[in-house]
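Structure, as structure tokens:
Think of it as A, B, C, D and E in the order they're written, each chain with its own count starting at 1.
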């Protein structure tokens, strides 16, 4: 049994289904990457896993426990962390407060984690007292990821964490994701910088029109010419 | 026959705290008449209330429209504020030929309103009171006053006429400034009034509205210690609210030395409302006049009774006091003329408004005591 | 030249009343600004919440007085405050359950909530009048003055009196204390921060494990507390009359907005700005000028910039001017 | 319009017809007079709601100074239709007043010119001198002129009087007055957003009403102007006319009832014609690229600006149009009441109630605003009777002498607001985006 | 075409743009890169009239356009997209496009009332054009969807689509690529080149995807800390040490050692796993 298993998810926002029998699984300490064209339903799938979407069919289990009926904040309590694609910071709160909010459910001392985040994204330390809404696009993205890291989740879900960040930060970020995974945390992320992401991925999903098209190791997907051409930009 | 009388007052809105007593006053008269069984061969009178809101002409007109066309009231006691009274008069009463007697609309403008002989009021026009007040001030050798008035047609009209009369009598008005009713704070007004100065402050407002607020703030800051209180400021609540702080202040209120006022107070207390509240007595009188005029006309129709209102209200005839409505009805039935005095010494002049006999009172040891009549 | 008398006159008629009035407005504005800051709508029912809460306080005060309880120089109403706050909070939380929560779930536009709060306002307005009536009620007891105008005159020998009411002092103290507490709460405590987070981005707050219902409940409870404190102090200083509390709504909103919606400090600044402009700009300087200027120069007129008829107009005009230079208020408020 | 909406309007019409034809246990009035009064009031409200909907629904402008524009419009019938007060003209009051106003405008114009021409400290100094000096100059000219005018017959006049022109002319004039004010205000305040614009407009509304209340020379201030001429015949004249009495008899109607109904019908016809015209114009505009542009601006001003739309200009345009419609309605209302009563202009009644109409009806949708106007008017006028009746019903089971029952009955009038609030909450509960939402 | 002279934009004490001077040549596709927070978007916003500069000038075709409001710049042929998508969320996707062209006769009230026929014709033409653009962006099935319901990437496409509705002189693209599928981004790149070649549009492109920059842009301007750090051809820039240091980085290579160590640990816990070996090194800035 995988650590996270979201099986046969079917559902959408209104009348029409966006997801069709979509299945995603992640093992402990594993990095899984979802790629696919725009509007394929990647973000929708993430939201479904996190309980922000009404599923008509399918179930989600975490660590063997069925969490299909739980609310998002209960899932947070179960150790899931999520960085949405858009609107992923608290704009009028300072960077530091944003990070603190990431640690909201933690009762222990989180200062060490915060230092780690600052090490990872040094620019945030400079901008500690600035409202996140005044940051540049890439800086916000760093705050968003930092906030999720503060939770110290068992499963970290990232929706396009590298959109708009500079290459050097992207590399740092991927490096850190590898490290995080190595501590036993499972990672599920959506990426459009797909080649770089698949390189570090243990498992890759190609989603098209809400359904699984290809599922394989990251390496294998990268090696698949058809996948490269149609989904990874050659 | 079951006769219906409309009672249109601002039960919600800025005057909501005095209208319950006004309504109760009018209904007291109706109950008295019904119980007597003497009106038009044992007719009973019931009241149908309507809410004028005091400020919203449309809502008031709608309420009056309902009373007249749905409930088919024979006449209306009301309305309270001059603005909505004018609206109801023009849009409902006159078109439908319904008699309307207001107990509290004192605006001089209504004197000349187009009314087809249907509109009366038991409250005097403010023009008259201005002259009385100027005399009172003169007799007390107060030559300079400041005026604070409530910013509506009553307050403004009264302030204008007081100012004119005071100046004509050789006195001076240091400032005449408005206050809005129901506002949070009157420090600005009191600051300006204090700065302008004067031997006394005339507060042409309402006792349970901004008027009291102005007095409170003026007393607290020591800006004025003597107040002149026109009719809108009269009420037993003054004693409660200010007690001996007002000692030396004085005021005028419609009334005569007849026993009517006192009798009415007792009746009101027995009926469980405050008869000294502004215009409660006038309301009783307004309702009583309508019913007496019906008896005199031998008909409950507005068209018939309109012509009789002045007759029953004025001399000659036997004087009728509150609580004596049965007697009045009997006399009228017997064809004897009456002169209704009522709670507020009703005497209608000109186009049907109270002539304005006033009682002058003064605060002594925190109590209202009558000084004399004018 | 009589500077001392001029100064006392100015203090007595401008500075002290305006400060007290400003504090009253600020206390009301704090509640409005809190609801706006966290729940993101202008709550029209706030004035009537103040009235209802004060109504409860009055009932308890009467009961306490009938038991012979008193606080000495302080008004008995202070003892009744906790009861009033509890009762009001209960009513408000029930209202949230029955009314607002539905629209929150719907993610309705703020303006819908504004209109809904008007519906609540009408209902609460009526309920208050059922509970306590429309009459004016005075429930202040304890010492009335810290400095009494006449005694001041006697003891100092000045021509001008100076009055400082106990209720004014209490209001000013309460306003300062409450704003400090609120500022501290919102910026330093975990719950306070979670409330701000919720107001910033509801979905993300959810993702951080913040329980939105708890945030909302805490907000309403604090707002009820603020409303009852503001209403009671206002009632102690003036008197209780349900209709006036509704009328208080406009200047309270003006204070909250000109200060910057969502900012507690802004509410205080806004309250004082409105109060001082109302009282100060329409003040007739005649008296002060007579004391200060030599006799020959003393004004015959009132030396008044504008008549008090225009006091609201003046304060609103000033407010507009401030907004033209600071479009989201003095303290950079939110806007939805 | 789809079936649902047609049904909603049919329902509304049915309510009014029921009001006219049956009492149905006291729920309705059973009087055509009240029904028609409600209809007329609804028509007026619908026009006001249309105006507010233009500003909010089309462009997202949070104008809560509606009462000010309605009040300004209401000034027009007084200035246009009441008989002139020749005495103050001959006494020179009007001439001096006009001169003072021209001087006042001149000062402002000079200030604007200086503001453009000069720079830095000099500008500040020059502006201060001009404005302060100008203010005193203006007051020096203005105050005595006003004194002359207000001195004349304070009990019935003390104002400029009107021009004695037909009252219908005052309706477009009312719209123009409001539009002019809106232009001035829009030029300065439209840079503000959401609630900040709201409080600014609220303040401006209050200022306008304050001026109307306190400037007696203009329209007698709080002393009210009564007996404003009507565009329709007087009921008493109809009742006195044999032709009309015969005409009424033809329907088997009493002359009194017939005359009141006919007069109301005439008003209804006038109002309906104007409402239809405005609705047609609004619908055409909203369904055109102009409407699309307005929606784009409402959705995202920054992006609309980047796409070449002049956001400020369009905001000003719609602000003026919406305000003009409100002004028009204000003039119509004063004409129908034949009473100018500035004390009645409370923001609750003429700003927030109109907003309630727009939101309950469905903002952004003209039909919604109109339906909301009718429904809320109906309720506003009807709950006055329903509230106490409901209370009577509720307490029917109680011991008649119980003090609680007495207390409740004494408070019956306050059921009015409770009932209104409850109905409002119910409607919004079942259609949270309004009865006829924007698509 | 566009000359920026010593431009400053300060927020409070913070200098987001701190004396940048640069030039965008007519007919070029100029790339603008730099670390997060370098001031690129701020520079765009100043040029496009959203912010007024603290000091400095912006000149377009010899004319000083500093501080002109955005809508006037649009009429001068200057278009831009937003980094964070600014769609008209309650309007349909097609309407989002149709509202763009200037001087639509239906945008005056007079015509809206009295020129229905002319409007109808114009609208048909506009709708056709919009559908072509949607087709190109592969989102024609969404034409009648509310724009607020689009996915993150689709919104970025819509941003781009708006600039394709009119004939622009110069188009500023702020990270069109972020969140857009790479295959589609290639197509978009082709389109940019085509618009540049065939219609003579000038482009200024902010992008963090160096493949994209390398393929399209010449010259490339690098900003850092509000100033221009370097300028030159893409190939040239990518070898610039300062640029590599501040912006490009050296990929994951320097973590390879750590990776190797990790390999063993992983073998123990998971059994055989695909290694991240050397291949990972090719990522990043490649």
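Keep in mind that, in the parts below, a residue touches a chain if its C-beta (ideal position, glycine included) is under 8 Å from a C-beta of that chain, and two chains touch if they have at least 3 such contacts.
Keep in mind that what you see is a predicted model, and the values were worked out from it rather than measured.
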item	value
Those chains which touch subunit D and also touch subunit B	C
Subunit B reached from subunit A - shortest hop count over touching chains	2
Label of the chain whose CA centroid is most distant from the centroid of subunit D	A
Of D-E and A-E, whichever chain pair has more C-beta contact pairs	A-E
Distance from subunit E to subunit A - Cα centre to Cα centre, in angstrom	25
Chain centre separation (subunit A, subunit D; CA means) in Å	54
Interchain centroid distance [CA atoms averaged], subunit C/subunit D, Å	30
Chain centre separation in whole Å, for subunit C relative to subunit A (CA means)	46
Subunit A, residues touching no fewer than two other chains	none
Junction residues of subunit D, two or more chains touched	213-214, 414, 416-417
Junction residues of subunit C - those touching two or more other chains	129, 134, 307, 309, 312
All touching chain pairs, where touch follows the definition stated at the start	A-C, A-E, B-C, B-D, C-D, D-E
Contact footprint of subunit B on subunit C as seen in their complex	9, 12-14, 17-18, 21, 24-25, 129, 134-136, 138, 149-150, 153, 161, 163, 165, 234, 238-239, 241, 243-244, 247-248, 251, 275, 278-279, 282-288, 302, 304, 307-309, 311-312
Partner subunit C, residues of subunit B touching it in the complex	13-14, 16-17, 20, 151, 175, 177-180, 182-185, 187-192, 194-197, 208, 212-213, 216-217, 220-223, 237, 241
Complex contacts: residues of subunit D adjacent to subunit C	56, 62, 188-189, 191-196, 198-200, 202-204, 206-207, 210-211, 213-214, 347, 352, 355-356, 359-360, 363, 407-408, 411, 414-418, 420-422, 424-425, 428-429, 432-433
Residues of subunit A that touch subunit E when the two form their complex	13, 27, 29, 36-39, 42-44, 85-86, 123, 134-139, 141-142, 159-160, 163-172, 174-175, 178, 182, 192-196, 199-200, 202, 217-219, 229-234
Contact set on subunit D toward subunit E in their complex	281, 284-285, 288-293, 295-296, 299-300, 302-312, 317, 438
